[in-house]
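Remarks on the structure that follows.
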Amino acid sequence: MIEIERIAKMNKSGNFKMKIKKIISSINNVKQLKAGIILLALIILLAIFAPLIATHDPFELNDDMVSPPSNNYILGTDGLGRDIFSGILYGARTSILIGVVAASISGIMGTLIGGISGFYGGKIDAVLSEVINVFLMMPTFFLILIIVALFGSSMFNVMVVIGITTWTGNARLMRAEALSLKQRTFVKSLETIGESKFKILLKHIIPNGIFPIIANTTMNVSDAILTESALSFLGLGDPNVMSWGQIVYNGKSYLTNGWWISTFSGIAIVLTVLAFYLIGDGMNNILSPKLNSNN
Amino acid sequence: MKLLSIKNESVVYRSKTKNVLAVNNVSFDIDKQDSVGIVGESGSGKSTLALALLKLLPKNADVTGEVLFEDKDLLKLSTDEFNDLRWKEISIVFQKSMNSLSPIHRIGSQMADIYTIHDGSADSDEVKGKIINLLEMVNLPTRVYTMYPHELSGGMMQRVSIALSLMHNPKLIIMDEATTALDVITQGQILNEIAELEKKLKIARIMISHDMSVVANTCRKIAVMYAGYLVEFGLVEDVILNPKHPYTKGLLKSFPPLKGEKGELRSIPGYLPDLSIPHEGCIFKDRCPQKENICLYTAPKTHIVENGRKVMCNFAGGDC
Amino acid sequence: MGERLCAILQEGTVDMENNYTLEITDVFKHYTQRIKGKNRFRSVKKTVKAVDGISFELKSGEIMGIIGESGCGKSTLAKLLTNLEQPTGGKILFNGVSSEEMLKNDRLQYKRMIQMVFQNPFDTFDPRNNIDKIIDETLKLHSIGKTRDERASITQDAMEKVGLTPVDDYLHRFPHELSGGQLQRISILRAMLLRPKFLVADEPVSMLDVSVRAEIIKMLQEQVRNLNTALVFISHDINTTRYISDKIVVMYLGRIVESGITDSVLHNPAHPYTKTLISNCASIDILEKSNPIKIEGEPPTPIDNGPGCYFAPRCYMSKDKCFKEYPEKTEIEQGHFASCHFINRDNLN
Amino acid sequence: MARYLRKRVLTGILVILVSLIINFSLIHLAPGNPINLLAGKDNPSQEMIDTLTKKYGLDKPIYVQFIHYIKTLLKGDLGYSIMSNEPVGKLILEKVGPTLLLALTSIILALVIGTALGILAARKRGSKFDIVMNGLSYLFDSTPNFWLGLMLILIFASKLKVFPTAGMVDLRTQSEGIAKVIDILWHLVLPLTTVTLIQIPYYFRIARSSVIQTMSEDFITTFRAAGMKENRIFNKYVFKNAILPTVTVFGINLAYVISGVAIIEIVFAWPGMGRLMMTAISKRDYPLLMGIYLLLSVSIAVCMIVVDVVYAIIDPRIRYD
């Protein structure tokens, strides 16, 4: 965990500030980034103030089962009479938490493994990149599925499992960054000055190469939310928390006479996932404007 | 006999925040079979000037003035008319020759493809023979025909680029830092070959380089550019041996000689001015060792001295 | 003020009496590489001989130029000297102490012994740090100056000395806010702050605009002269190398083909490669135009050279013997050596 | 090339080995007794315990158990399903057909449609078409596949009643021959649309960005300077250069497609491996679950190697050796 703090600290200084400034000034130019941030801010506000906004206790079983949207139940109720609107509000907390934690685990693992692999090279790299290759070839979703099925579907399990099975993308990115940064003159000059290899990795390679990983991690939040909702949809969600995938799952049997159950919860997933995608892609846009811009 | 005549050419790069005046009112002529070297440091506008001749500048660049090529104004030609003229009459060799052809197509087929743009009637054997001739002409083995760009060294790819540019016997070729990335010997050999081919094929050449010694060795005339202005123009012997503009003098002092006294090396102090800000007086005034009051407020005229030599300095003309 | 600071302030007086010698004996850098075989689906393992047996000696205060084309091993040699790469054979001795031993005892001491100035000034510093931090961290690493303030005043003085003023203007800038010339001067300054006994400059001006090259060359000259540091100046630009260096070494495919006092080598070259190199070099001196010597091809990758002279396949005067036997190093005049069978006419038949 | 092939095959074997180890250790690490896990119930009969112990060598040291496990697998024995007591291999093979039908058709459709749209969008960069297609690609990328399936069912099956809700054939009519094929196709429309729609953004973006990237390469300037017409530059040079990256991502996309197909099968009750797996999960049929996972890992690894080799052959720049 020391590393995380260090990285966080380092990012506060120098060029990172400039990049942040650049991002802020670019937010207005990069439409998808602007849209994503506004959307996400809205969703986060709703999640934070869920207890205030919610009209019902999301777990409360009301007498009105499969009741269509009305004044009392804004988005209707499900088969057990639970209020959908309140469920969706509380579900936002679950989705965002799982997404962010899982993506962070994957981001940190990927950064460290990829950084070490690319920067140290040689045998370490040979072994680590083989590990990355192997992971890339594995059907991760099924692995997650099986592990969750075997070990239980608590929220903690889901987060950790998604995190440790999806770090390879980040590791590949960081490895590529480290490989190219390693060739840069400033790294060679740090070596001639006498800086130790490990310090160069932590203080110079990772901070200079972290930006694509941040963008990618933002997108990974989206993927993690989708994975979690798919697990819930397959009945492998944490039964103790409210989750959008579960609501969609619950609504599946009422598709004909209670279309609102699955529909609205699904829209909530789409919007949240979209927000993170837009932000991540917007950041990539700033990094390589030539490729993505519309001009 | 005039081949190309550039009259008052200016290029402005327009963007939302500022307009950069990259080339400012440049005029000079190139005769048939002449060779002109344009020298200047980065930001002098030398490449912009050349790319403007072939209309290869990005869309945000505004080109004004006249460029008369055999009495046709290139800037007024339509795209189709211009495409006809490109390569047949004027061709170009770029610096980054390694990327100058598609990496996944064979060199021969790409050359043939370019050849048929302007000679669609030729049958494929005829084209192939022509291409192989071209390759031999630039001292490349014929097997290059079936090779891919990445299989060639930098010098060989540069030769391919030169072969491409000579394909339709153009009247003028533009070499944009074409030998800069090459090693000393390879550069020497290629420059020598070009000089011979030029004589044989009766081609005029514009050579853009930041290296004055390359231009001094291979061109008949030299054009010195600074911050978008043509500050001095004339025969190589005149300009090198008797520089009139203080910038030319400064540049020459920056090159140590290979023989004789080492002398004292001197830099030109200061930096290139910001070309997006309008300036008063002489563009070189901030770095000029000879500047006087007049230079601060009066933009120098271009004085024509002898042998068609031009100098843009307040102290160059007979009138002061 | 610490002792070191005093020493720095009285520049030029400290190390004059201390003489250091760098001795390179038969240094090799070979590595295996997969090389394209008959077609792109086959490959062969080959030994690339980037540096192939190089020996020379350099004393404090000397400036040695190394010239040659890309791939001749001059940059690899620079990396070997600064321990960015490790030689696969031979010895690098500083006053008789081997580089390995020095590195084992005190890695930082080795770094203070030999420093380097790089080709690309725009990329020499971490873009995230400002100049102040870059220099301060260097001093801190080598325990020069005990406190932040002490280090700041060392930096201040040094920058004033080389005319990077007003100092504050530079210190708070980030690398991308400075010009190439300014950055290269800071790069030289940072290297010299460690008071190295040897300095390697690998193409230090090739990426700079012509009009600022001279000031960098002059600064290098002054700095090494003041501290009696020896300089290895690596360049493909023969004119500039001639200007700065006392002696010169010509390399081809990992070996030294000719060496000696600068003007002796350049005005009276003995090796056909040196002759070709010089004759092809464009010169501003248009009155003394020489005709470039024509040779075939480009320098190959240093694989499977010899047994004869490495230059023989491209040489305009090669004979049978050149392909069979590597020519010995021959002294032409005092201190001027070349390895060519044709130097001594007796060897010809 | 031979060296590269060897390396890729080695990676493939490693993938399979790692999958085996994961499988094996999951059985042992999972909460509870592996015997219970393998037997599928908490209180198996003594007879069952004895057979399983013998078969998997559960009384031996762990590495002997692993060798046992591999040996059983090498004999083609993936164990017996707990639900039906039939060999796992047989159960899986029965379901491969429908899954492949869905997966392969969707991949081809998505590849063609996505790439075509991407190229068009890149050529008309900044146009309304480009902006709309970009927006749609974000939207479909953000849509959970199962939900998209549900919505299609809701609209086209429940409300409009154009297509059937679930299954692969109409069980009431029991048609034969051509009629059966048509029936299957009819049932295929909605699941296929879903799986295709979620893949299109992927190919769309890759095609779009690689065309844009290629258009900015230096060699395009050469052809322009030579006076070549834009259409010819595009058709002959940009297209081939830009299409190559699609091949590389094709392999990586595979695992993603398969998981998407599995979920969609469940949504549409399509009788493929995905549904089999869901049943296995809900019935805690571990041998079956492991068998499916293993088979998937192996086939994905093989496909990716094939794709890599094909790429190495068609791109002359790559010398994988």
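Note that the chains are named A, B, C and D in the order they appear, and that numbering of residues resets to 1 at the start of each chain.
Keep in mind that, in the parts below, contacts are C-beta pairs under 8 Å (C-beta built on N, C-alpha and C of every residue); 3 or more make two chains touch, one makes a residue touch a chain.
The UniProt protein names, listed by chain, are B = ABC transporter ATP-binding protein; D = ABC transporter permease.
As the structure is a prediction and not an experimental result, all values here were calculated from the model.
Any chain bridging subunit A and subunit B, meaning touching each of them, is among C, D; the list is complete. Of the two chain pairs examined here, B-C and A-C, the one linked by more C-beta pairs in contact is B-C.
The mean-CA centres of subunit B and subunit C are about 33 angstrom from one another, to the nearest whole unit. The geometric centre of subunit A is 49 Å away from that of subunit C, both derived from CA atoms.
Taking the mean of the C-alpha atoms as each chain's centre, subunit C and subunit D sit 56 Å apart.
Residues of subunit C found to touch two or more other chains are absent.
For subunit A, residues touching at least two other chains: there are none.
For subunit D, the set of residues touching two or more other chains reads 316.
Subunit D contributes residues 11-12, 14-15, 18-19, 22, 26, 30-31, 125-126, 130-131, 134, 138-139, 141-147, 150-151, 153-154, 158, 209, 212-213, 216, 252, 255-256, 258-259, 262-263, 266-267, 277-278, 281-282, 284, 286, 289-290, 292-293, 296-297, 300-301, 304 to its touches with subunit A in the complex. In the complex of the two chains, the subunit B residues touching subunit C come out as 41-42, 153, 155-156, 183-189, 191-192, 210-214, 216-218, 236-237, 240-241, 250-260, 262, 265-268, 271. Residues 217-219, 221-229, 236-237, 240-241, 244, 315-317 of subunit D are the ones that touch subunit B when the two sit in their complex. Those residues of subunit C that touch subunit A in the shared complex are 82-84, 107-108, 111-112, 115-116, 118-120, 123-130, 133, 138, 141-142, 174, 187, 190, 194.
Residues 13-16, 18, 184-186, 188-195, 204, 207-208 of subunit A are the ones that touch subunit C when the two sit in their complex.
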